[in-house]
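In the two assemblies presented below, chain A is common to both, partnered first by chain B and then by chain C.
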Partner chain A sequence: MANKNTKSFLDTINVFKKNSMTPTLIIVYILMIAIFASVNPLYISLTNIKSILATISISGIMAVGLTTVILTGNFDISVGSTLGIAAIICAKFYNIEGLNLPIGVVILIALLAGAAIGAINGFLVTVVGINSIITTLGTLAIFRGLAYFFATETARIYYKPFIFVGRGYVFNNVPLTLIYFIGLLVLMYLVLRFTKFGRNIYQVGANADAARLAGVSVDRTTFFTFIISGATAAMGGVIMASQLAFAQGEFGLGYEFKILTICVLAGISLAGGRGTLVGVLVATFILGSISNGLALADVPIEWREAFQGLILIVAILIDSIRVRREKLLRA
Partner chain B sequence: MQDINTKKKGLRLSDTIILLIILGVLVAFFTLINSDFIAYNNISTMLKNMVLTGILALGLTPLMIARGLDISFGSSISLISVVIALLYTVGGVNLWLALIIGVLVGVFVGFINGLLIESFDLIPIILTLGMMAILQALALVLANTFSNTYSILVMTDPLYYFATRTFFKIPYPVLVLIVLVIVYWFILAKTKVGRTIYLIGANPTVAKLSGIKVKKIKILLYTFMGLVTGIGGIIIVAVSGVGMSYHGKNLALPTLSAVLLGGISLMGGSGTVAGTMLGVLIVTVIFNGLSVLNVPSYYIQLFQGLALIIIVAAYEIRNNRAAMN
Partner chain C sequence: MSENNVVLEMKSITKNFPGVKALDNIDIKVKKGEILGLLGENGAGKSTLIKILSGAYSLEEGKIIIDGEEKVFKHPHESIDEGIKVIYQELTSFEPLTVAENIFAGETIGAKGGFISWRKMGKKAREILDKLNSDIDPFKVMEKLTVAEKQMVEIAKAIHGDVKILVMDEPTSALDEQDVDNLYKTIRKLKEMGVTIIYISHRMEEIFEITDRVVVLRDGRKVGDKLTKETSRDELVSLIVGKKFSEQYPKKEIEKGKVILEVKNVSYLNKVKDVSFYLKAGEIVAFFGLLGAGTHSLFSVLFGDKIATSGQVFVEGKEIKLTHPNIAKKYNIGYVPLDRKEEGVATEMTVGENITSANIENLGNGFMIDQKIEKKHCDKWFDKLSIKAPSHKTMVKSLSGGNQQKVVVAKWLERESKILLMNEPTRGIDVGSKAEIYKIAEDLCEKGVGVLIVSSELPEILAISDRVYVMKDGEIIGEFKTKETNQEELMHLAST
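For the complex of A and B:
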């Protein structure tokens, strides 16, 4: 009896959804670690593991935000530029002469700016009705241009508490950034699974028309996911500025690839409505570990970028094959 | 029935007229600010700049009418230019052979794009986004491995003549564009293939049911997009005299803006070669005008993004209004 009870309890938790890609990903991850460790034993040293954990958080946090957008069946490829502009806003507001804004306020301004960019994207997509990829392709260029405009020279931030935000450790070994990432992931996981808003997101992505008929405000739901995505991208920008103690216009260049790859690899279906954040957690670790492993194996940066594009393409192929198989099973 | 038809025709005509008015206003505006704008030198520079955007936009036109999309052409051009330069300058291969191989690289990339998208039902923009990363990286890797620089000189007489000499006062690159415009216009407006492409875009399911091999035709269109990308690669090598791994970096946004401005819809099924060329003209005038006014480069990027959004938003708002009426 007790046994049966625990089983049903596990069923109700069901962290790995049925047909989930996550178990496969975990196996791939373990194999990968074994390969990289055999190429360079330093790979599994404590210092390197710490550095992997500290660096993956930025893309992880952004992937959590982007996931909500993709779940509604939309895209946001302006996240890299949002990161850049948030980092520069941090640096510029901190350096305003004679104002001496408290660092908390500066960070809050940067996050609000990110949310505002998300709101612009959301407005263009839901109210004006432009395709989300074209919208964010446009805002990607606009905000990258603005980032270069504001950061004509590198802006430094030498302020210990601010640097601690991105470089600090808890218990000497756990990076603070990892705690932000896991905290945000757990929070969003709970929101997606147990709140009305979360269920709406899945419904909008699975079938927008049906959701509308069921009384879900499709536009409002989509709008808020873009705001979440913008705000998380800004979080990435704040952390990056704090880790490097400066900000410049190039920050976040090409991040849209990275984040999109994480989401697709995590099994967040590009058609919308399918996938969980557990996959995002594993995929973030995998991609972070790959780029770290390739760097330790002395692979040149261009090859690493090519590899990333390759992973993206393989991941979307897998996604399409899974969608097709599901359709066949349903028919 | 007749009423609806005439109404539709009136709408399309007014679209073209609106675009022409915009073009006229822009030219007048830039000329007022800087009278050099309509000098012969600037116009010929502008036409040369227009060639590349124009060729790529032409390739995109049938593809987007049939609901396809390719944004990897920028990186593809970088790769092609590097391949040509490496073969000719470093490898010592015959120039014509190098050019042909360059074009074949483009064709191959286009074919792979089409094959993957059509056989796996992928979202075109996402696959070509991944392709863009791979091709850009390949261009960098090749240039770095074989010559240790980002730009490789290509010094040849034929390419130099091609880029600088004129045929009855028309620069050769412009001539290539004109020929391609005529070919594309003829195919889209006058042949059965053209009508098939419109049908695929208007309703893929109906097209499939009526016995059209939708996938094959779309793969062919992607391959042709690759072909024009290859031609674009040759032109950029000829005009600049170098093969460079960043050649195609800022091509995607202006080209997409031009095509969308010309009246091609992301939903497929609509658009004409004439509209596309008007779009290309307007976009070229805007960006050339901005650089004549000595606007810094980051503003240009900003304007590129703004232009794309404003163009698509304007069409969306108009469509929404039409739907309401």
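For the complex of A and C:
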């Protein structure tokens, strides 16, 4: 009896069924750890693991948000600029002379700003009807420009409680940022899997025409995913500002690439409608561990970038081979 | 016919699709310079036959013999090399490129050291177009041409190089009368040049105007092969439609209720013109029309997917403004769309998720989907419609066409729709599933649902409907009680 219950529970969670890529990823990950550890044993030291866990969360959180957009068949490349803007908003609002805003309010403003950028993207994509890549390519440039404009010099935030947000640990070893990431990931997983909104996201991405003819509000659903993506990108900005205790116009430059790599590696289909956040979890760990491992193996920083690009192409290749094979099997 | 004159022979061609015999032992011979009309309803096997001839489908049983030599085509370019060219109904031109580039697609004309000579390409294109008496500018961009001109370019593309057999699939469906006349001239010219033409059309007058011989297909079998001058319109129509179908599906007498849908003077652009009709509870009303008659647009309007430019729609006596499928849904109108894969199902989602897709708001209170309620709903329709799949967690893409269609229907039964619009509900599904879909429609009528159906299959319309409206050029041109009409009358009205 107990056995039967467990089974149906696992069936409900449906972790691997929708994402054939995840099991492969896990195997790749284990192999990778073994290789890096043999090159440099420090790789599996507690300090290093702590450092990996603390650094991956920013990309992970942003990937969770971007995933919702990609699932609807759209794309948001403005996430890196949104991160930059949010970080600068934190620094600027904290430093307004005489106002002394509580740090919680400052963070809230930054997150709302991110959501607002998402709303602008969403509006342009759904109401105006511009292709999402073009829309967010535009907002990417606009908000990067604004970030540079407002941060002509490095804006510092020397405030312990704020720094704790990004650098704090619980139980001495678990970074707070990891808790945010995992918390958000679990929350969004449940939203996607068990709520009407989540179901609509998958429907819109799987077949927008069929969704529209089933009376689903395709535009409203898409709009909200952009808001989510904007807000999570802003979360990334807050954490980055807190970890470094300052903000700069360059913050988040090129992040869209990093986050996209995670989503593709995670098996989130760029056509929409397919993929789960379980893949995002694993992919975030893999990508974070790679850059760290390459650093410990003394690979120069330029090569690390190149390596990440390679990973992206290999991931897309695996995905397209899988799709092609499925097509062949169907024909 | 003398054997040495035969340019193409197709011998005992048979093609099976999962659950359907698409072609059954077809024999066709075509002579050089002959214009052969290929007739048959949708699903009769015309396209399948053409796809086999063009190499788009592999030949499983039978032989294709060209100029006395047996050929096996594994890929469309192999049949093109043999001089078999097909002009599909949906033209496949490169819109942003010039006419000349389209005519010579895939070739480099007058190339020297990797550079293309535009001058030579233009000159050669001019020569080909002159042969067809066409004055289209070779350097005009494709997307600026009219449909008729585009078709001319397709023909030019087909006849440049070696063409023995030219297949034209409903070439007149988007042309006006003047253009059709020009097309006839072009076709006759091609005939003079010794090109053999296989001409597919639904329109009788065209068949009699242009063809030398006609072959009629029905349910994948060849049921007629006549010289055009020795046959009559009535004979062809009865060959096309057959007789037995309505006898296979005896219609149940169901009591009719009040008028639940009334449409008054609805127009949509120039596609639907001033259409008025009504539908009673328990009634199945069919719309029949040839391609371009406006039946599909009318249904899109009735479901709020396209917004009527004028006119009124009343549901149970109340006027409603159909501006979005949401509104139609709110007034219990359901819609089984024309293209199942594009508009009906999300193939990458499960059967269950598809069944409940139009009804998510009722799967529990608040934000959450209540898994128990969802499962209950799925199980109910899964069993009732006997959807053949391992479970409701199966991906829709692995289902057969008939079962996918049941999923689409289930989506709207789940919502307890009072009015169900079915656009070609049995297209591309096997005979068994067809019968099941009819049965579902009948059961719904017994519960007081009104069903509107668009179908291009007359036997189907006669078998299941109570009344029929015939449409042409966006207008309703006839209303019949199904019992008091027949296939010949309807086909005649729609095709003249």
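Methods note: the second predicted complex is superposed on the first by the 316 of 331 C-alpha atoms of A that agree within 3 Å, B and C clash if a C-alpha of one lies under 4 Å from a C-alpha of the other, contacts with A are read in each partner's own complex, and residues count from 1 in each chain.
Quick note on the criterion: a residue touches a chain if its C-beta (ideal position, glycine included) is under 8 Å from a C-beta of that chain, and two chains touch if they have at least 3 such contacts.
Fair warning: this is a prediction, and the values are worked out from it, not measured in the lab.
Once both complexes are superposed on chain A, the partners chain B and chain C clash. For chain A, the partner with contacts to more residues, out of chain B and chain C, is B.
In the superposition on chain A, A:Asn207 contacts chain C only, with no contact to chain B. Of the two partner chains, chain C is the only one touched by A:Gly215; chain B is not. Look at A:Gly309: by the touch rule set out above, it reaches chain B but stays clear of chain C. Of all the stretches 26-34, 80-88, 188-196 or 224-232 given for chain B, the clashing one with respect to chain C is 188-196.
Looking at the complex, you find that chain B touches chain A at residues 116, 120-123, 125-127, 129-134, 136-138, 140-141, 144, 252-253, 256, 260, 266, 296-306, 308-309, 312-313, 316-317, 320.
Every residue of chain A that touches chain C in the complex is listed here, in rising order: 12, 194-197, 199-200, 202-203, 206-207, 209-217, 273-274, 330.
Residues 303, 305, 324-326, 328-329, 335, 337, 342-349, 353, 357-358, 360-361, 363, 367-369, 371, 397, 411 of chain C touch chain A in their complex.
Residues of chain A touching chain B in their complex: 75, 77, 124, 128-131, 133-135, 137-146, 148-149, 249, 254, 257, 260, 264, 270, 300, 302-303, 305-306, 308-310, 312-313, 316-317, 320-321, 323-324.
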